[in-house]
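These notes open a run of structures that come right after.
Shared chain: chain A. Partners: chain B in the first complex, chain C in the second.
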Partner chain A sequence: MTAVARSWSRLTLAGKILFTVVPILLVLTAGLLLVIVLAGKPIVDFLAANMWLVRFVVAATAVLLMSVPSAFLIIYMEMKVIALMNLRIGPDRVGPFGSLLSVVHGLKVLMKEDFSPTGADRLVFTLAPVVVYMSAVMSLLVLPFAPRIFGADFNIGLLYLFAIGGLTVVGLLMGGWSSFNKYSLLGGLRSAAQVISYEIPLTLSVVGLLILAGTMSLNQLSINQSGWFTNWYVFQQPLGALIFFIAATAEANRTPFDLTEADSEIVAGFATEYSGMRFGFFFFAEYVNVFVVSGLIVTLFFGGWNAPFAWPEAWAIHLNLDPGSLGMGLLFGLLLIPPILILALAAPFYVGRSSLPWWQALIIGFVLFNLLVIVLIGGWAFISLDWVAGLLWFLLKSYVFVFIFVWMRGTLPRVRIDQLMGFAWKWLLPASLLNLFVTALAVIVISPR
Partner chain B sequence: MTAAPPHGHLHQEVPSDDPRVQLDEAAGVFEPVPPYPPRTEREAEFYTLGDGEMFINMGPQHPSTHGVLRIVLKLDGENVVDLDPVLGYLHRGVEKLCENSDYHHSIAYLDPLEYIASLFCEWPGVLAFEKLLDVQVPRRAEYIRVLATELNRILSHSMFIGWMALDLGGLTPILYGLIERDEIAEMLGALTGQRLLYNYLRIGGVNGDLNHEFMSRLGDWMSRATTQIEANTTLLNENEIFVRRMRGLGTMDKETAFRMAMTGPNLRASGVPLDFRRAHPYSVFPELEFDIPTREEGDCLARYLVRIDEIKQSLRIIDQVIHNMPDGPVIAKLPRLLRPRPGRAYAAVEGPRGQYAAYVISDGTDQPFRMRIHDPSFVHLQAVGVLMPGHLIADAMAVMASLDPIMGGVDK
Partner chain C sequence: MMRLPGLGIVQGMALTLKRFFEPKATIKYPEVRLDVPPKFRGRLQLLYDEYGTLKCETCFQCAQACPIECIDMGGVDTKGRYHIHWGAPETYGERRDESALRRSGRPVPNEAYAHFDPIHPEALEAILERFDFDPKRMLEILDATQAEYGHLPVAALKLISQRTGAWYAMIYGTATYYRHLRFEPPAAEPLAASTAAARAGRETAFVSGLDASLAGLRRADA
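What follows is the complex of A and B.
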């Protein structure tokens, strides 16, 4: 054993990580600086000329970073809501009301052993969760969260979403086949049969809407539905919305169509042999898919990021704050207003309860002051910035549908595979065709060219 | 299962370019067909599977096999072609244990036979011992026995409703069922001292008289039991998915039910009103008013609905028992060491799953010479061979759940 190896073995885990990561970071930083010094100007020029590239990279990064917390939120929501429906308490240990439990779950799956069963096809086994997760995240890219807040605005956005959504089944099939387990195989084949059958009514149910809207761009669809909630497409396409909702439930493999991971029949379906972060990817992808499906339903049928009402122009509040014109007053205001407000908010508590020490009253005042500032700034942003209001409305409506998915999971048993297929081919497909024909007829009769 | 085919061809060497052995060299040597002849019938069948068929091992750690049951399913796609239940993972030799302990001790061994309806496992044993000893049980003791066992029947059925839904993928009803179960378990815990394995019945009576905590819990629960059970079952009875999956599934006609020696709710769902409380009356059941709910369909839905009706009848019986409870001692005076005359006795009671029975032979010593226990779960489990084939793998689980076997009773 050499001296270097001996010193290395004496390091703690943190030291080993530090001694590995820091040199790599140093080399990378030096290289980056060198590249900027030598070729800074051409790179900046190139990026300025191709802003779409910058925009795409930023959007993709944001969506990738956003997907995991949103999955955490939905997982927590599912645990808590189903617990309340079951008359249980649900998670209540980690964080306030157990809200950090899904974060702890995430850390747990990261720390688990990287395991693959004997006889598994290693490469496919490893790639399957990646395919599933990437397809879920790529669907997020075209969802319009708010005016001007979206990854990319394709003129075939809806088609892109269906194509990417169909990619999920490839990952599930890969996982089911490569696990070398008959339960996994059954799960994978079930998912293939189910998703392919439900793609057809899912796609056909929105064709009527596309005839009405004349565009496939999700952003344009949202803009079309602006104004009062009567402009939402759900009132023109109620049958289409219902079929889309049912088919989307099956697409996202949610109860009552969660046959791919039916735990009472085929232990965990395609995920039987998966553990650790590989299972984590499957798990997160499922919840990202739930969010995507909810967001898609909202975008297509429930007005997207539009508020359900439209004030007349005269009622609109326009706040034009110009901090520059206040001059030195702004500085004094920033210095004086917080302490005064804190004292003012703390005073009633100090006076009202004689047993309260002064410093506790000050803490209450400080917290209340912060809440006040947040409410004021949030209110200002909600009124003045359309993208903040749009984001809030979009998330609110999406989470209503996420709640409905969770609700169904808490209530309904699972359908059988032949009932599932029969329902798709015998009921949803004719109904969506009927919807399409009626819509086309109405468009021709009411608005001829 | 089918007989082993001649397997002379299995002796030959597997060529190395056989695609079946080229699976994953890094993972180790994998040989689908070992070089030795098949050792068991099932192994032989494994090598001669048809095209598209496969064996799948369901259990003993499968989430929905109701304990440690292992079923070897032969699947064609998702269809169950053939199956072979493998028992014995929970065998404890209860009968032999009873034969090696005296009569009082045996009762405690009968309890853990079945961990959902323990009182019904004690009762036939106690009845048989009483027949051997010719003991007159006080009337109050008989009433308390009926009261406790009917509560236990409701406990068992409310768990059944939850399991049934859980095996069909419904998450919520099991927890509603557990609430009922917990309330009754607390009640019986106050009466008997234990929540799960009561060890309450004694030769010639019961272990303790009714106490205040039990009565207050019982009154509290009875005041809302009907509405609560109604509310719990409405979630399933009016659910289109649940009803559609259960109706016409695993249908068993009268003849098959008789041939498979079914008893209890599973038989009554096929239209045979056989109830040992009426057919071969024991205890004070002749004095009590109750109906025997039956259904004609014989499918899983009928087996489920019969159990719900039975809960209502049990509530009726409990009501009458509380109102007619006589005074007096709760246990007959008996010596501590029992030496019955040589002879044999058989006793059967109607449990939540069917006929629980015990057959005891005494040779005049203080220990039973031979003790045989009849458990309905074991008898009903053989019906899966008739009911499951031809159904999908998902329905196999529903059929299994509707028969409601408890593996503790099957493996004894």
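What follows is the complex of A and C.
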């Protein structure tokens, strides 16, 4: 038995798949690039003619790629913010301010044993986390991040979101059922009951908004709310926004409605039998869901990617600069300006603090130069490019809501299952019906057609 | 005042937000070390002196002072058989006194059998009658008692305390203040004489034995 064969036999199933798939993908990518370079024009023409294909592939890749780092970010945020609220410091060992701790957690989860209990339905057991994670990631496809930055602009975008969100329940039930464990099954059924119950007020609370807006396209909803922040739908639908927020908390399985996967309890609901990366997928899906729900609240009620005030058109700086007109000056500028600026920025530190070695001063100068360039280019892009500003506003607002979710988790205790159901059916459902009724009445009275 | 629904949630959220900005209680231990209080003694440890023997004298003061009775002492008997403990924590006080006596080289009394000897109380009753049971004339009473009994037996002091109403501790204090009052009978003269004679005989025998052995040694040298 050679060393290669021995190491291969020690890999888990997931590792074997990974070690096979990644080289194949690399070869395929290289081949694709080669084909594009060699065959060139006909392929580019074909892609230009079928822009939807390019758009889909790019959006799917981007969404898959961004879901994991954003989950890492939210997990880190949760650890840090709850720690600060508990008068602790929280993670501070790995990376600056402990910000890489969730990445290390992810690596730890990856290295754990790939385990499934005896008697489990292996296929369903394996597919359940995939279904949950896919439902979270597919929701990201229709979120409008910025003007013209979205996966797909369906005219039934909102309906699609609710349908895909409902897919989560299927994954939870699959996980609970296939674990061959009565506690998992009970947990799965409990979470299914919760998610389905809250689906109803969640959907009904948006119907009033749909009557007002007249569209289900999330992109169109964002465009409708442009201008000053008074155009945001939260001011026309305060009750709807509140109900949506509460129901979305339950949909995303967040405190105080996190009975589905109560972290602090001994039996972890449907995920009792899950460990390693399978549990990791459930875990990541929860945090991706938090981001999706926050983005959805922002898109529906808080103006989406719009700035809270009308952005004066005169502020935009349009650079009418043709680099070719500079001639050799461009080359000299690119060559000379960075070193000169680095030296200029390093000089005050070297002169002012005699204890500093020259190379440390140079490093400070280099960092400062990079910061300066980032601030200048970022500021210019923020002012001049509407999609950069929109992306920043959208992410800012979304993370404010993520912070609110984390804040609630740091504050509120978990509700009992009967309180949970009673609240959904006795309070949220009548309130959302009332909201729908009042909105419809107002639309008929104010603007009869 | 009517409480608004959801007001409690808002108050709780405000509290956690306030905590968010407050200084934190965490101490990053290996990097930051707090000053320990001056009376902090740290881990209990048995120390050895410069001759390599234990400094601990099993005085049990530590065990008696320990508020949660976590200190106990134990050991192995002379044949290395048992891991023994020196008794229940309630008895540490007694054992401390015992230890002090043992260290000072005095015999350790067994409290359980230390009854005082009985006396014939008729003579003492007569004395008390003569002094009108007056505690202010305690010295005269004690003088008369010692003249009658030869010393001051504990039973007599108890009886005086009972009849006169003075505290036993005060009578004891008065008795110990005066040199001529004593609590034990003086040594009997014939006994002392015989002891001295016996000792003289032993000494003579020892010295002659020593001389004999030395003489043997001298012969061997010559």
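The working rule: the second predicted complex is superposed on the first by the 385 of 449 C-alpha atoms of A that agree within 3 Å, B and C clash if a C-alpha of one lies under 4 Å from a C-alpha of the other, contacts with A are read in each partner's own complex, and residues count from 1 in each chain.
Here, a contact is a pair of C-beta atoms (placed from the backbone, for glycine too) under 8 Å apart; a residue touches a chain by one contact, two chains touch by 3 or more.
Note that the structure is a prediction, hence the values are computed from the model and not measured.
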| item | value |
| --- | --- |
| First, second, both or neither for A:89, with chain B first and chain C second | second |
| Chain B or chain C, by number of chain A residues touched | B |
| Chain B versus chain C as contact partner of A:55, first or second or both or neither | neither |
| First (chain B), second (chain C), both or neither touched by A:353 | neither |
| First, second, both or neither for A:16, with chain B first and chain C second | neither |
| First, second, both or neither for A:407, with chain B first and chain C second | second |
| First, second, both or neither for A:81, with chain B first and chain C second | second |
| Touched partner set for A:148, first chain B, second chain C, both or neither | neither |
| Touching partner for A:112 - first (chain B), second (chain C), both, neither | neither |
| Those residues of chain A which chain B touches in one complex and chain C touches in the other | 85-88, 410-412 |
| Touching residues (chain side chain C, partner chain A) in the complex | 9, 12-13, 15-17, 19-20, 22, 24-26, 28 |
| In the complex, chain B residues that touch chain A | 23-24, 26-28, 30, 54, 56, 62-64, 78, 165-172, 175-176, 179, 235-236, 239, 241-242, 244-245, 392-395, 397 |
| Footprint of chain B on chain A - complex, ascending | 82, 85-88, 118-122, 180, 182-183, 186, 190, 255-256, 258-259, 262-267, 409-419 |
| Chain C partner contacts - residues on chain A that touch it in the complex | 81, 84-89, 92, 407-408, 410-412 |
